Amino acid sequence: MTTAAIAVQPPVWRRLMGFNALTGTVLGVGGFFLGQWIGHVVTTGVDSQVGTDQNDVALILGYLFAVAGFLIGLGFANYPVQRMLGRPAELPREQAGGVGRYFTLNTDHKVVALQYFFGVLFFFFVGGLNAMLIRVELLQPTEHAWQPGNYLTLVGLHGTMMIMMTSAMMLGPFANYLLPLMIGARRMAFPRIEALTFWLVPAAGLILLSTIFEEGFPTGWTGYATLSDQAHLGMDSYLVAFALIAISLTLVGLNMIATVITLRAPGMTWGRLPIFVWGTVATGILMLLAAPVLVMTMSMVMLDRTVDTSFFLAPAGGSPYLYENLFWFFGHPEVYILAIPGFAIVLEILPVFCRKPLWGYPLAVAGFLGVTLLSFFVWQHHLFVSGINADLRPFYMLTTELISIPTGSVFLNGRGRIWGTGWRST
Amino acid sequence: MSMVSGRDEPRGHAIRLFTIWGVLSVLAVVLVIWVLGPQLPPGSMTVQAHGQTGANIVLTAVCVPIALLVVVFFGYSLVAFRSRGLAGDGPPIHTNGRVMMIWLASTVVIVLGLAIWGSWELLPEQTGAGGGAGPAPIYKPAGARAALPIQVIGEQWLWTFRYPTYGGVESQQLAIPAHRLVAFHVTSLDVTHSFWAYKLGVKADAVPNVDNIAYVDANDTGTFTIRCAELCGLWHGHMYTTGLVLGPSQFAAWITKTRKQYAFSTHLLPPFSTHYFPQPQRRAG
Amino acid sequence: MRSAVWKLVWVGLATAVLGAAIGFYIAVYLRGSPPTVSYLPAASSGPAQTNVTLQTVASVGNGPHPDWVSYFAQNPQGKWVHGTILKVPAHSLIHVTVDQFDGSSGLRNPFFGQPQGIVGGTMTVNGKPLRVLNPDLASHTFAIPDLGVSVPLKGVGDNAPNQCSVAPCPLSKTHNTITFTFRSGAPGTYRWQCFVPCAAGFIFGFGGPMQTLGYMDGFLEVV
């Protein structure tokens, strides 16, 4: 693989016309209108789409074409097209410094990490704003600030934005930056995919926020089955955004695991890996195995809403329980995706201030891997009173109790480290 | 306090730490069982609620010492092991196999103990759980055959209640008799709702085409709140009503009055069924 | 120095855009609500009662959702308003007249075929008193669950001539007139909704207009 030398930067106006976020936005908007037009053409005469004044097909196609346009505008199609035309494989030219490179497809892992950091932080604040607006409504027991439909959308937006963004919050910025450094690699295993996982995040976030132009969605962040089939047009924003984030999560997990397996420096054996790397591997496994389920679940709801399938409609042979089980099969590993990197980071920081290496390293690794394995066996504890058959309750109670053993052992590591040391705070 | 420690310094710290933890734990457990316990939800209005309150007390009493262990440990370590000056480096402790084994063993014992105790509590000889247990609950309280069936119908956005053994009358007000086992058959006509009468210790999802059964045996007369606990659309927060627990003769009078009040609508209702296909499924045009 | 000035300009611009976006979000989207129609009587108008006139139409005809069913309210000046927030006085008798222009969809739960919570337990349909309505003939209901009020509204037959299709509908088109009276109690805000799955094309007939304030849902503000 050849890399060209760093070139002198062309003038600003020239750079604005290349493949970057601005071009991506323009093509994205164009793609949105193209997709909507195609959707309207395809559904002429279909009463459930046209007669109801909400054309789900048009909106979903609009969003998908918008994302495609956005990614093409950023330059993600360049490499596949070039290879199809027979050009040799090469990474993009390294760009010189400056703020501009943060708005492009950049394969430098540190740049991607910083892009992630600011992007995720922005949407985190938006979610936080929604939380404060929820509190405004809750100042009095009866409706006084926002109408009930808008309030439900606020609740849904807050929850979804937080979950979507915080899933990426730990691994996105921190692992992308630190993982190659910690294992002695020069880059992540798949740099272009790394950049893709970032750029899907603002795309998904903006699609989610656009729900306010379609009267919002009433289901909250869990998007439960039959109500999500029935809901307003704004529901499609949630479905597409969450599916995009799930694709991003899957690819992050893939990237992390592949990097640690293949790009460790010589002599960096598995037993010498920093604990943050182990935490990232555990989280990566969770993402890789659980997030695809969410993509399919959201797709099934979209199919129910557009082409009249009945995955979740009871009278036609479907079942809301299917949605609940599929969703929580993702939803439970999701909470460990949020927690494990946090544990790993604390276990990295404590030894620094205690000036001693991590206490009980094998136990910590076992803890992370144990949590990862067990988290796939507990999801029905979200469904205890849902009316599913109750014979499995003791089993899920047992696995839910068991998962606290590896979690507790991780805390033991922290305690062991701080015992007897002279810790400093500076 | 010198940080260049000899053999007994850590032991002294350990004794001090566990003494502090022990005293605090005993105090906390006493407070949990006797002061906090009676206040814990859901209260004692029904046998199931009483059992759930008892379970909450046991779980809290087990968890508080464990939480205290972590908090006291960190608090003590932060105070006692702070570095004093440049010479303040602690001993090179990397691992302690014995501590790890003791910790793992004790957590396994606590956790498995709780799981076994929890499963035992589900048995009908105990209190059972008040939650919805599906169409064929495997844990049925004694006398389940003679339970009074009350169908709870959730629709967007209202609760109605049907009494199949009283002529299938449907009412917007729920009343249950005290000291008699009641079987709620919770179902829905459209989307997923959840019948949550927390003082009764009942939470059962109302799912279309599913009969979700929850058993309740009330100890006292009184009133209780019913809310919907599963997001079901615009007025989800308004699916709120109040139920009554009445003495046996009061209940008989109430049901007679209700049958008379709703006489006209009872003629219109379909025959009682454990679930109703929402009709029509999709309206066109 | 020039780059410092540029940075200040960019930051200022970004803050202004962000502030405007948040302001738009709160003021336009979140605070948006259908108009309120006030039926509060003048100070001295005899015994505590007031008249409310509503109509239900099969499709609104204009606006963001021209195909949706909707309620309309006639304000005391006689103008039809596309609003569902009704303001009435407390502790009064509310006489409601509904001109029903829409076809029948049928009640999901036939329980609502019997009007409840109204004075005398009887509603008047086209001048004739009625104690119970065939559930299949219901087109909409006017229900205030917190006050125990629910009244089924009879639908216009599918084959009736001269049907109105675009709101507001004049009385010359085929319709049913339903009147009933209920007592407004203590002051408060009570929700009201329709219980017939009348949202054409939506799953279980309860999507779209059935879940949107200003169409088939509203508030009764009792002051």
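In this document, chain identifiers A, B and C correspond to the written order of the chains, with residue numbering beginning at 1 in each.
By our rule, a contact is a pair of C-beta atoms (placed from the backbone, for glycine too) under 8 Å apart; a residue touches a chain by one contact, two chains touch by 3 or more.
Computed from a prediction, not measured in an experiment: that's the story for all the values here.
J.: Can you name the chain whose C-alpha mean lies closest to the mean of all the C-alpha atoms?
T.: The most central chain, going by mean C-alpha position, is A.
J.: Look at the interfaces A-B and A-C and say which one is made up of more C-beta pairs in contact.
T.: A-B
J.: When the C-alpha atoms of chain A and chain C are each averaged to a single point, how far apart are the two points in Å?
T.: Result: the chain centres lie 40 Å from each other.
J.: Distance from the CA centroid of chain A to that of chain B, rounded to the nearest Å?
T.: Roughly 32 Å separates the two chain centres.
J.: Among the residues of chain B, which are close enough to touch at least two other chains?
T.: 190-191, 233-235, 238, 278-279, 281-282, 284-285
J.: What are the residues of chain C that contact at least two other chains?
T.: Those would be 191, 199-204, 206, 211-213.
J.: Can you list the residues of chain A that touch 2 or more other chains?
T.: Touching at least two other chains: 47-48, 51, 148-149, 218, 226, 230-231, 313.
J.: Which chain C residues qualify as touching chain A in the complex?
T.: For chain C paired with chain A, touching residues are 22, 25-26, 29-33, 64-68, 188-189, 191, 199-204, 206-208, 211-213, 219.
J.: What does chain C use to touch chain B in their complex?
T.: My answer: residues 105-106, 108-114, 116, 131-132, 134-135, 143, 145-146, 148, 191, 193, 195, 197-206, 210-213, 217.
J.: Can you list the residues on chain B that touch chain C in the complex?
T.: Touching chain C from chain B are residues 153, 155-158, 160, 170, 172, 189-191, 233-235, 238, 262, 264-265, 267-270, 278-285.
J.: Taking the complex as given, what residues does chain A use to touch chain C?
T.: 47-48, 51-54, 129, 133, 142-143, 145-150, 154, 212, 215, 218, 226, 229-232, 313
J.: Which residues of chain B touch chain A in the complex?
T.: Counting only chain B, the residues touching chain A are 3, 5, 10, 13, 70, 73-74, 77-78, 81-84, 88-96, 99-100, 103-104, 107-108, 111-112, 114-115, 118-119, 122, 131-139, 186, 190-192, 194, 203-205, 207-212, 214, 230-238, 277-279, 281-282, 284-285.
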